[in-house]
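Down below are the structures I want you to see.
Across the two complexes that follow, chain A remains constant while its partner is chain B and subsequently chain C.
For the complex of A and B:
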């Protein structure tokens, strides 16, 4: 637990010091949201209907940058090897980094919501529920994303491999988060929000567990 | 070790023979289906392919678990062979499904749970094969692909259920219980044909993978199972 807090503190501090990168990733996500609207055309009804999908696609695309970046730093000067030499558990390192990535992605998601509202006229008053959906969805992205970023950051062709491995895996997150966000924006007369958030939570619980179990093997050598 | 073993070759030959026999039976002897007519005959390869694709990926998953538990290289070779086979069979499954869907549903693709899950599986496990291609260190390649295989395999049911909730249109699954008894034999024969074919190919392919590992780890290779952590050290000492 102490290892986890130390790793979390280190990663959050690094993110804070490198906030120019955080802002650049947000700008990338916002630019993606802008471009999606060109694919649909200036049909405001259609844009509003697809707003949730665009938000999560933008977040997913931006998340690969954020996740890759979190391990890019560890590769410089062989920082990861230095970390592994410390008398700290690899599980603590994993959860520290995964929670830091979760915070980063959640922040990114929250920051992209106003962009979505402005561009697509997709406002919702259920802000607490929306925050919950973003937190659950980004939790589902960050656990497998951190695990895979640890592997791909050490390979050739890392920019291609991370999305290639991560995107098929997080299909359930994308489906459920888009559905849940859509229900919040367009209204939820049938009360369908609960099953989708349950799915997001289940996905997150499963992947946070296996990520912690397997991360030690990924970084050992 | 130089001579390739005969066991897998026999399996492949047997598989091809059974597949030919089952397909001939399915195409000529078995009656056409009432509603779908001749198009339905693709079921004789489609349904057995589906069973075997799942089986091959399950085999790869078991190999991944065994590798992480024992660190024996043979499981890495089998994992590579099993995963390649699973991806090939899943790809075939998507192709056959599309060929069947066009005349039946009028579209090549539909977002039904099993079709979508199969496509996701192709990308998930195909991505792991790409990962293997981009990692030069055999020890890392083995551990990482085993880890990724376990994560992807655990993910498959979640993908299936999420897509199922999202949208559904596919026919009920075809098993010998749900189809008329006239269709049983070609289905069963083809199922075993494909089973023998892929297990034989996995036998041959895993031998190729094992030979490549031998050359990568460098001589002198101890006959005893080297541990994964020792793998890179062996390679280093050879130079």
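For the complex of A and C:
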């Protein structure tokens, strides 16, 4: 727990120092939402129908930048190796970074919601439920994303490899998050929201458990 | 009474791809010794120190640090060993003080400003405590990296080119730190090209050539590294 808190504090401080990058990543996500809206055209019903899918696609694309960036600082002067040699617990380092990345992605998701509302005319009054879906969905992205970002940060083709490895793995999370968000925007007459959010929570638990077990193997020689 | 063996390497080999960086390297270092590791570029000095520090694994052979096996007791070894590598292990977006505070929290030490400033004073960086590392020169980064190594209070200290990037006062700083470590009873292995300086400071020497250990013994009888001819191994201050 000591190492987890130390790692979390370090990663949040690093994110705060790189806040210009955070704004750039938000701008990238917002630009993606804008471009997707052009693809649909002016049909407001179609825009509303596809809003949830495009929100999560924009968030997924932006998340690869955020996740890769989180390991950029670790690799510049091999700072992560320095912590491993102290020795810091690999699980503490993993969960610290994964929680910091989760916070980053959740804030990004929350910031993209007003953009979606404006561009897709896709408002919902169930804001607390939407917040819950964003938290669960980004938890399902950040845990495997942190693991794969660590893996690819040691390779030259990391910008290409990270989405290549991550996207297939998070397809179930993405599907469940899109469905749950869509139910909140378009209405949920059949009461399907709970099973989808339960599925999201299950994926998050699985990814967070596996990530903690595998991180040591990924970062150690 | 004979001293305990601090570092015992037996037949260690390490390769990168198809090239062997270390081949059958065996030696022993008694506790409290100051050992110079020298050899030409690419002779395996850094690889040897990284194997001893558990940063990388040997492909063959065994290493024991203070009677602990580096494979079986890796975390215990890491609590007793500190490494100053070619890369400084620093976070560039953080200040000098924040870098030391990050490590202090993992070490379970006091991360307060008052506790860390003396560390920076030791390496002449107290007046730059709140400056971001990304604004530091290479020599200043090296000084901060030395401070973070000393923070660990390790019994075995591995220094890879500690004089690298330093100015003449920095050379004297490293000399002083080595003497201080010796007084505290730490075992130090220092990779360097500064042969004359190393001979004056260290009591033992290891010479590597193309990944093979060609000499292990007292520095007084230590041969010049192959191809050195004096000129390429200038001493600085």
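Note that in this section the second predicted complex is superposed on the first by the 221 of 221 C-alpha atoms of A that agree within 3 Å, B and C clash if a C-alpha of one lies under 4 Å from a C-alpha of the other, contacts with A are read in each partner's own complex, and residues count from 1 in each chain.
Keep this in mind: a contact is a pair of C-beta atoms (placed from the backbone, for glycine too) under 8 Å apart; a residue touches a chain by one contact, two chains touch by 3 or more.
Just so it is clear, the structure is predicted and the values come from calculations on it, not from any experiment.
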{"item": "Partner chain in contact with A:58 - chain B first, chain C second, else both or neither", "value": "neither"}
{"item": "Which superposed partner A:152 touches (first chain B, second chain C, both, neither)", "value": "first"}
{"item": "Partner chain in contact with A:29 - chain B first, chain C second, else both or neither", "value": "neither"}
{"item": "Contacts of A:217 with chain B and chain C, given as first, second, both or neither", "value": "first"}
{"item": "Touched partner set for A:137, first chain B, second chain C, both or neither", "value": "neither"}
{"item": "Superposition-derived comparison: chain B or chain C, residues of chain A touched", "value": "B"}
{"item": "Partner chain in contact with A:109 - chain B first, chain C second, else both or neither", "value": "neither"}
{"item": "Partner chain in contact with A:96 - chain B first, chain C second, else both or neither", "value": "neither"}
{"item": "Overlap of the chain B and chain C footprints on chain A, listed as residue numbers", "value": "221"}
{"item": "Contact set on chain C toward chain A in their complex", "value": "53-57, 74-75, 78-79, 81-83, 85, 87-94, 98, 102-103, 105-108, 141, 148, 152"}
{"item": "Complex interface listing, chain B residues touching chain A", "value": "68, 120-121, 123-124, 127-128, 130-131, 134-135, 137, 139-140, 143-144, 146-148, 150-152, 154-155, 158-159, 161-163, 165-166, 229, 232"}
{"item": "Interfacial residue positions of chain A with respect to chain B in the complex", "value": "144, 147-148, 151-152, 154-157, 160-161, 164-165, 167-169, 171-172, 175-176, 179, 195-196, 199, 202-203, 206-207, 210-211, 214, 217-218, 220-221"}
{"item": "Residues of chain A defined as touching chain C within the complex", "value": "2-3, 5-6, 9-10, 13-14, 17-18, 73, 76-79, 81-88, 221"}
